[in-house]
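Note that chain A is present in both complexes that follow, paired respectively with chain B and with chain C.
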Partner chain A sequence: MHTLSDRAFTLSIWGAAALGAAAFLWLLGDLAWHGMAHLSWSFLVSEPLNAGRSGGIAPILVSTLLILAVALAAAIPLGLGAAIWLAEYTRRSGALGRSIRLSLDVLAGIPSIVFGLFGNAFFCVFLGLGFSILSGGLTLACMILPIFIRTSEAGLSAVSDDWRHNAAALGMTRASVLWHVLLPAAAPAVICGLMLGIGRATAETAALIFTSGYVDRMPESLSDSGRALAVHIYDLSMNVTGGDSAAYASALVLIVLIVFINTGALALSDRWLTRRITAT
Partner chain B sequence: MIWSKPSSSSRWHADRWLEPSLGLLAMGAALILLLVLAFLLHEAWPLLSEGDLLHLFTDGGWYPLEGHFGLLPMLWATLAAALGAVLLAGPLGLASAIFQQFYAPSALARLYRTVLALLAGIPSVVYGLWGLTVLVPLIARWQPPGASLFAAILILALMILPTIALTSASALAAVPKAWLQGAAALGLTRKGVIMGVAIPAARSGILGGILLASARALGETMAVLMVAGNVVQNPTGLFEPVRVLTANIALEMAYATGTHRAGLFASGLLLTLLVLALAWMAARITRSAHPV
Partner chain C sequence: MKASRWFEQLAAVTILAGVAGVASASNDRLVLTGSSTVAPLVSEIGKRFEKQNPGIRVDVQTGGSSRGVADTRSGLVNIGMVSRALNSGEHDLVAHAIAMDGVGIILHRSNPVQTLTDEQVKAIYRGQITHWSEVGGKDVRITVVNKAEGRSTLELFLHHFALKNSEIKAQVVIGENQQGIKTVAGNPGAVGYVSIGTAEYEAARGTPIKLLPMAGVAATVDNIRDGRFPLSRPLNLVTKGAPTGLAKRFIEFARSGAVNDLVEAQFFVPLAR
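And then the complex of A and B:
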């Protein structure tokens, strides 16, 4: 039953898939090619010179990791607490729980540049933190909180009620059930949500330009301004003529970092799924 | 109820403060949204309180230093770039989803899926870098100056393609196998099964994914900023440079003060409303999605 139109359809589907694959191979090939040419160990461990055209990205890597650390230090306790409360202490249909979930979903949809505006107005100006790693990290914490909370909540809700019944029958307090039973059981989901958040935070540029700033010196404290890797790529390619090869090398470093994180999240969520299936 | 009432013995002590403090954390997380909206409004207030909101749309152009805050040229540019990207990436993404769901051998489909998932995670600034150094010079050789609405559409399309492909594929995967087998048993060709059964059944999931991708295209900053040329003007041709709302904020925040700063926050507010409206529509459509 292979009519002409059927064959044309098959051809166009394969063609579209090949077109997409080709575009991405082109992009990844360019990145690897140009990036590898400039990438070296000394690039990773030395200071940028001449506005980043030569030298390396050591202070920028340190700033990136510090911003990430601040974001996680703020998001993990707040997010985990909120997720536990949503999963364990509210009913699915409760008004308060529903409105909190709704507000988190809305927050997740806000464009990153708007988070940048908010971070600048709230953390930098209103709280007086100025352009600093602290401001940038806290802005990112607001950004990654929704996805972290919703993933962790889903993980906790997926733990079978039998476990709660058994723990209650043993006379455990709710605090110790949480600590010894529920959180370990939901840990892969929590970590997966965390990794998704880290991936998003590491890739972020727009929210950081006006919160953590542009300074490319080695940060001495959290109240110093520090340039994130993504901001560095933007600055090199837009504002520094002749910075392209350094920009490509930085982009390669950033992508390797993110692929590493994403693969971790994928592997963990797979493991979590198989464990759920075998557990029930 | 699973839990009995806590007794007054000391080992229950932790439980008594646990619930209220966790509740407080949850409220805190929910409060962030209010905080964001409140600060956007507060910062935009100097401009909003000055008079009617219509000025944002009726003023001829964006001359913030002279008190003209016409957002329309940038709004049109934003919409044109997002629409163009969706028109390009929508069919391609759907075709990629059909490919991995119905045509590709399973090993190839798995590989394709992994690659798409990784591409969805590539930072927008990297897409921008590639667009600026590879795509824009190519376009410039054909239609100078290169940095243009067209470049923005191409880069945005590339960025949202993985999202559309992945959401469409999972919508197609949710169509009951029995329907497909039934259609095949009736003698439909593979094209007939896909066009006549699979796509109509997965319609709302696919549409929801496309709307989500448009929301992402509207809110995207870095990639568009780097390739669109950033001249404030109505988009009159594909190869004219344009400036979108997000790029305008990123470019001018560094030195904006007074009502100029308020104008940027007002445009941020407008952008947020646009994106949230799209996300809301996407959620509504996807919720009505369940086939069976």
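And then the complex of A and C:
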């Protein structure tokens, strides 16, 4: 009897893991099957033609990366700052800290279209940025900040207080404790929050269609409108008749892009972790 | 979040100061917003216009016809895109048709129903007929696919059948045409209405859908061109008052025969000239 229930348990655990992997492989396989035929080097380096049915995605790829760069440039310093304040500069049970955490958690659950409408009203219209890569990037920054702040804060809070006490006993300044001890120790959580944010941002459609816009020309500056890859995929599959194969190929590119960025972020965090030991 | 939202806004303003309002609409840039149905076509027309007029930029944004109307009114954009005729409350705007489109009822290909009267369509959309067996089909529950509020196809459909959107009992509410086709193709009991050019192309490619005739007129692109099909609509560019300057030149170009091939490539019907 014992072995039977034990076996059933083991089996279901394996089953759950296999199902998760299978779902991902199926998705990837389906994308590769439909998208590979359309995918080529020239697809990556040429401009879209005939509403994206033919031609490539070069300007869209460039816009996507620029939007992401703007979003990260705004979100990383702000997010780290806010996380440090929450974890190190306020009492963990303080009323202000608690209410900020609560509002961050609420914000993290808000549908992206709401951020899109906010971004359109605030960045595009109120600040006069118009449909632009800048508006899109800043809207995404608003969107990924809550998750990024909360995961980074959790990482910092998880560092044992002994480290802080020891550092204080050694006469280290607060800034140098943060830079040399706490941040490196919290790096895996920070990177994890960053990856979640990047994943959410790169896959975003609703927040971008009304902020960075629909224009598929090669952007010349951050104030140009630029279509993001996810917006392009949505348009091709839902709005452009006969755009399916180009949509599949673009989705394949998007997935590969996300894998690349995540691997890069992981490698970065590994380097940061090893450097901690020898930091001066 | 209040504190960090403020930080955010502060950051935005500082970045702004650096970039310094390069974006604002100038003499060599046209901005259009509106119907997602019209956007790919105007985007292509814009590219050809840019090629013929070096230095000019035509930025096409989407968001639906209502947005096109609102943005043109508020002066946010030079030209709006509206995929229907302007209604009585929109006399402040001027419409410039660039192409025609028809809207047809689609069913799953396996559905044996060959035609529906206007009364039957109304009853199905009001939820009074719930099974295909009531209109000569199989004993399958009908899945009513309706368009989202603000879509011109919806307004056209409601107007033609004298329905109110609040009367409609829909199981699925969708946005774009392709989405409608995918929904019906994936559900043997579904009924929906979409742009005919798109549906014709998809049906020819083997997507399991079929177009129903209306009032005895087959839903084909040819019948829209002749003006015989009852449910058709103009695809319009709209301006606040008569267009001037660059907007005028662009609209003249978009209405000329020089873009016929682009209109057809997007599965719409060129204007009869």
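Here is the rule we use: the second predicted complex is superposed on the first by the 229 of 280 C-alpha atoms of A that agree within 3 Å, B and C clash if a C-alpha of one lies under 4 Å from a C-alpha of the other, contacts with A are read in each partner's own complex, and residues count from 1 in each chain.
To be clear about the criterion, a residue touches a chain if its C-beta (ideal position, glycine included) is under 8 Å from a C-beta of that chain, and two chains touch if they have at least 3 such contacts.
The shown structure was predicted, so the numbers you read here are calculated from the model rather than taken from an experiment.
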*Kindly classify A:254 by the partners it touches after superposition: chain B alone (first), chain C alone (second), both, or neither?*
first
*Where does A:110 make contact in the superposed view: on chain B (first), on chain C (second), on both, or on neither?*
first
*A:270 contacts which: chain B (first), chain C (second), both, neither?*
neither
*For A:89, is the partner it touches chain B (first), chain C (second), both, or none of the two (neither)?*
first
*asked:* Which partner chains sit in contact with A:19 here, chain B, chain C, both or neither? Use first/second/both/neither.
replied: first
*Which partner, once the models are overlaid, touches more of chain A's residues, chain C or chain B?*
B
_Going by the contact rule set out at the top, does A:215 touch chain B (first), chain C (second), both, or neither?_
second
*For A:78, select first, second, both or neither according to whether it touches chain B, chain C, the two together, or no partner.*
both
*After lining up the shared chain so the two structures overlap, which partner does A:240 touch, if you call chain B first and chain C second: first, second, both or neither?*
second
_Once chain A of both complexes is superposed, is A:30 in touch with chain B (first), chain C (second), both, or neither?_
first
*Check chain A for residues that touch chain B in one structure and chain C in the other, and list them.*
78, 81-82, 100, 103-104, 106-107, 122, 142, 145, 149, 209-210, 237-238
_So in the complex, the part of chain C that touches chain A is made up of which residues?_
1-5, 7-9, 11-13, 15-16, 19, 21-25, 31, 36-37, 39-41, 43-44, 47, 57, 59-63, 76, 175-179, 182, 197-198, 201-202, 205, 265-267
*Within the complex, which stretch of chain B touches chain A?*
2-4, 6, 11-12, 14-15, 18-19, 21-23, 25-30, 32-36, 39-40, 42-43, 91-93, 95-96, 98-100, 102-104, 112, 115, 117-119, 121-130, 132-134, 158, 161, 165, 187, 189-192, 194-195, 215, 218-222, 225-226, 246, 249-250, 253-254, 264-265, 268, 271-272, 275-276, 279, 283
_For a test of understanding, state which residues of chain A touch chain C in their complex under the given definition._
50-52, 74, 78, 81-82, 100, 103-104, 106-107, 122-123, 125, 127-132, 134, 138, 141-142, 145-146, 149, 209-210, 213-217, 221-225, 235, 237-243
*asked:* Which residues of chain A touch chain B once you look at their complex with the stated criterion?
replied: 1-3, 5-6, 9-10, 12-14, 16-17, 19-21, 23-24, 26-27, 30-31, 34, 77-79, 81-82, 84-86, 89, 99-100, 103-107, 109-118, 120-122, 126, 142, 145, 149, 161, 164-165, 168, 173-176, 178, 199, 202-206, 209-210, 230-231, 233-234, 237-238, 244, 247-248, 251, 254-255, 258-259, 262, 266
